[in-house]
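First up is the structure itself, then whatever we jot down about it.
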Amino acid sequence: MELGMIGLGRMGGAMSQRLLQAGHQVSGYARSTDTMKQLEEKGLVAASSVEDLVSKLKPQRIIWLMIPSGKPVDETIGILMPLLEADDVIIDGGNSDYKDTLRRAETLRARQIHYVDVGTSGGVWGLENGYSMMVGGDDGVVSHLEPLFETLAPGPNKGWGHVGPCGAGHFTKMIHNGIEYGIMQAYGEGFAIMHHKEEFKLDLHQVAEIWRYGSVIQSWLLDLTAAALEKNPGLEGIAPYVADSGEGRWTVAEAIDLNVAAPVITLSLLQRLQSRDSDSFSDKLLSALRNQFGGHAMKKE
Amino acid sequence: MELGMIGLGRMGGAMSQRLLQAGHQVSGYARSTDTMKQLEEKGLVAASSVEDLVSKLKPQRIIWLMIPSGKPVDETIGILMPLLEADDVIIDGGNSDYKDTLRRAETLRARQIHYVDVGTSGGVWGLENGYSMMVGGDDGVVSHLEPLFETLAPGPNKGWGHVGPCGAGHFTKMIHNGIEYGIMQAYGEGFAIMHHKEEFKLDLHQVAEIWRYGSVIQSWLLDLTAAALEKNPGLEGIAPYVADSGEGRWTVAEAIDLNVAAPVITLSLLQRLQSRDSDSFSDKLLSALRNQFGGHAMKKE
Amino acid sequence: MELGMIGLGRMGGAMSQRLLQAGHQVSGYARSTDTMKQLEEKGLVAASSVEDLVSKLKPQRIIWLMIPSGKPVDETIGILMPLLEADDVIIDGGNSDYKDTLRRAETLRARQIHYVDVGTSGGVWGLENGYSMMVGGDDGVVSHLEPLFETLAPGPNKGWGHVGPCGAGHFTKMIHNGIEYGIMQAYGEGFAIMHHKEEFKLDLHQVAEIWRYGSVIQSWLLDLTAAALEKNPGLEGIAPYVADSGEGRWTVAEAIDLNVAAPVITLSLLQRLQSRDSDSFSDKLLSALRNQFGGHAMKKE
Amino acid sequence: MELGMIGLGRMGGAMSQRLLQAGHQVSGYARSTDTMKQLEEKGLVAASSVEDLVSKLKPQRIIWLMIPSGKPVDETIGILMPLLEADDVIIDGGNSDYKDTLRRAETLRARQIHYVDVGTSGGVWGLENGYSMMVGGDDGVVSHLEPLFETLAPGPNKGWGHVGPCGAGHFTKMIHNGIEYGIMQAYGEGFAIMHHKEEFKLDLHQVAEIWRYGSVIQSWLLDLTAAALEKNPGLEGIAPYVADSGEGRWTVAEAIDLNVAAPVITLSLLQRLQSRDSDSFSDKLLSALRNQFGGHAMKKE
């Protein structure tokens, strides 16, 4: 199929490559020209602007956005809208808030432009392994895009699905990431306990390797844990600082909105916040209070 | 090799079978004779008592315990001790508390009996897939037992390892189970949020299947989640009641002893406790307090 | 001073009474006429509608809203706006989301109507003990209202303060309620543990009474706990079901927005959600998973 | 009454003083002679050793221990045991683990020495305000000691009680401290959120003062919070490092043993552990994992 990819970073670039390898015609545009040049060698038709990209595509145009969520998506849709025609398709493959997706779909529906949200998992390994994709949108357009999903997926009829109407793809991906937070934190805690159990002198890389085969907790994140510990068994030089990119927060807010208690996903998010606050006001107040009532010495900063 | 298996339940029975299939000579004893009879057809030499089992083995005897942790292990070791000779080997493959293992090892060391702890993961799927085994014990004896571990493991030189001295095997398995609690709870919460998001009419089995291929959260527990949801998409008839068998509690206690904060593993345990307390005194008191200060109506039981 | 009170429920009714007792002239309107009649005997001038209430007041009018947060506040302000003149004052003494307060203040500022937010704590005991009030608004108008705050407060120059610009009063009250959730949950858990420690046959009312005098954890909520346990030591007939009225959720969301980890306030909210979900999908899935990997029996519903 | 106090630190010294002021005859012994000298001026009879202390008392001797829990208590009881006679009384007023108390009571019962556990709250303010005391022990001996409790308590027949058999006093005090952890953490989090809400420029000391009068969350710990924030509004120079002295851990362990979910008390403990671990291995692993799957940059140490 023919499509235009906007955003050629770690995700968009690799996805374009996987599509090109399978014979799809991919035009691409990115703000940075570096990856564009590399992808041109692999068959990508480079565009100099969003307008240029649109002009390179024949209707029914398919535009796939693989850009940071939030404002960039709104801005790009704003540029695209007057350039597109009825029946053209915009796909948002990034980590957008599903509520934004619902709003955007409505705006685009008024212009008869199809909007499809593709929650995409797989990270930097997707080029080789394929991507897991949760697709939201109308039946007709999703069927039409099937060849793209089949190419990007890990195998025929595997790892992707049409999960519901527009919004359902990003919703499901949000939950995916919330679960990811919880699983990562579970491994993190387990390995931390072993790290502190000095008497057994455990080789944490070895333990991770053992668990990779036959254990109840085998997983891809465990494979990555083993890889990280092989390279750097003591995790030397890595700051205990964990970023978050939004989906965890949205999952926590959604759970509360739905009156569902999700303590583990929630605590996983809070742990990340905490990893970035080395000067906790709360802890200071507790230290001051212990001094007030018990005369306990406060540690000085 | 020749060994005697005590305990022929879900785990011990399947392990015996896997060992027999590979040509090892396995004598076995279990309190219930049912599985013994089935295993006899597969080559097991059935013993009528622990004493009988010991008598069937030539020194250096290898006895593998696959029985419930706690008292049963102490009792069985108590029976075995006078029957065994110096250099014989007892393996505890169950989910014993590693502190019990340290204590037992010391007692047996005084009698020159080797003690080896094998944290064993794999559940009911181990017969087919092999077991993940974390082995604790002295170098010599663990080397000697290698052919058994290689047979039980999922593949050559995979899924098992000698992780440290006696106790380290059960310690590592305890952590494994703590992590397992956290991962299960993360999936549980994520699927619960999706279950309550009625507007998208998600097919939870489909979502689980999508995630199995290419996603960051692919895992064996996700495979099982997909299988459970395929059979029973609404989880009808299953009570929201989650048992626990001890390792989670030990992990939480160990983390606190080591001054390691493990909020996710801890909350996973507390969630299980809560699932079994449908009559929370704390919740009742909160309801009473809200009535006291705000005049809010209390729900009646 | 002269003021008009809209909402004469548990809070607004008692506040009107306290104001009347101190000699203020209070006109009042409420949808239900029951309390209005009782308050008329104590000097309240009853109004038949919001319009009637406004007509009874001389400019610079002071209207105090003591009504449920959300839509009712917006609707009432919508009715008031055309009836009021420049320099009139609307006070929102309810538990509004401070973000709504910021929005409303802006709308009213455009009409030169003053808006003052008063986070009010004290519950049904405020009539007798006075109210704790966190006031947000412009300096001039807050000074002008001082006689009202002094009357409602527990004592001269005590228990109320001008904490910041409009929004700061409701923000501070929101935090107050978040803390309240945490404290209540802490007592709830402590008493639940004692309730389950059957061997000591503790008299929980006695324990609460002991702690009320001289202990580090003495508090008003403990006084109420003691009162609740005196009346009903086993909390018989009270369902383990805890409602929440919004401020806890907002506090949790605010903490996450500010990147502040607030695990205890957060978990207190989740506990309330959980108290209302006796059919946890997550717990069911965990039970199904344990069955899948370990062959453990599932409890039937 | 006549009694011997062992341990004259912040707690034991102040309690001796309060007893002396009320006319009781107090002999005292402490390893450090500093406070002994000060107390001699107030009427204390100083002893040069435990033996000397015992020799100064007439049977039925009453010895009150106010020393660190754990080994010091066992050692002191070890010294006392041969020196005491049947019917003498040892009181442990410190923060002992109630399980140790049960064990010690049994040992002493065999020698017909009475053992009474007094969970004591009040901290450095007890001298002035009186102490809250939860007393465990046999009826007869507790009745006999009543004049001491009445003197130490905040007022006649207030703030102390005979809560159950030996062990019940320390058990109840342990729960008291668990609740204390939760309440402190709730305040800490609330004030931290306000501290980070820069747009309102809140004066946290002012807010604490407002809440002290008439609010639902008024408490003694809030009074202390206000005092701490008055002295040092930004908590400058205080490290975000919170110690713990054991009772929180015991409460968490006890809750789990009793199958009671106590998430808030538990998380309060974990938060303290975390405040002391500025080099979290778990956080490092999460950072490494995010790099592995998403190519996200890791912050360097």
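All chains are identified by letter, namely A, B, C and D, in their written order; residue positions are counted from 1 within each chain.
Operating definition for what follows: a residue touches a chain if its C-beta (ideal position, glycine included) is under 8 Å from a C-beta of that chain, and two chains touch if they have at least 3 such contacts.
For reference, the UniProt names are A, B, C, D = 6-phosphogluconate dehydrogenase (Decarboxylating).
Being a predicted model, the structure only gives us computed values, none of them experimental.
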Neighbouring chains shared between chain C and chain D, ordered by label: A, B
Per Cα centroids, the chain farthest from chain D: A
Approximate Å spacing (C-alpha centroids) for the pair chain B, chain C: 48
Euclidean distance of C-alpha centroids - chain A vs chain B, Å: 33
Centre-to-centre distance between chain D and chain B (centres being mean Cα positions), rounded to whole Å: 39
Overlap residues in chain B, where contacts from two or more other chains coincide: 123, 185, 187, 189, 192, 196, 216, 220-221, 259-263, 267, 270-271, 274, 280, 282, 293
Of chain C, residues touching chain B in the complex: 10, 123-125, 184-185, 187-189, 191-192, 195-196, 220-221, 224-225, 227-228, 232, 235-243, 263, 267, 271-272, 274-275, 278-296, 298-301
Contacting residues of chain A [partner chain B, same complex]: 121-123, 126, 129-134, 136, 153-155, 158-161, 163-165, 167-168, 171-172, 175-176, 178-183, 185-187, 189-190, 192-194, 196-197, 200-203, 206-207, 209-222, 251, 254-255, 258-265, 267-268, 270-271
Interface residues, chain C side, partner chain A - complex: 216, 249, 252-253, 256, 259-263, 266-267, 269-271, 273-274, 276-277, 280, 282, 293
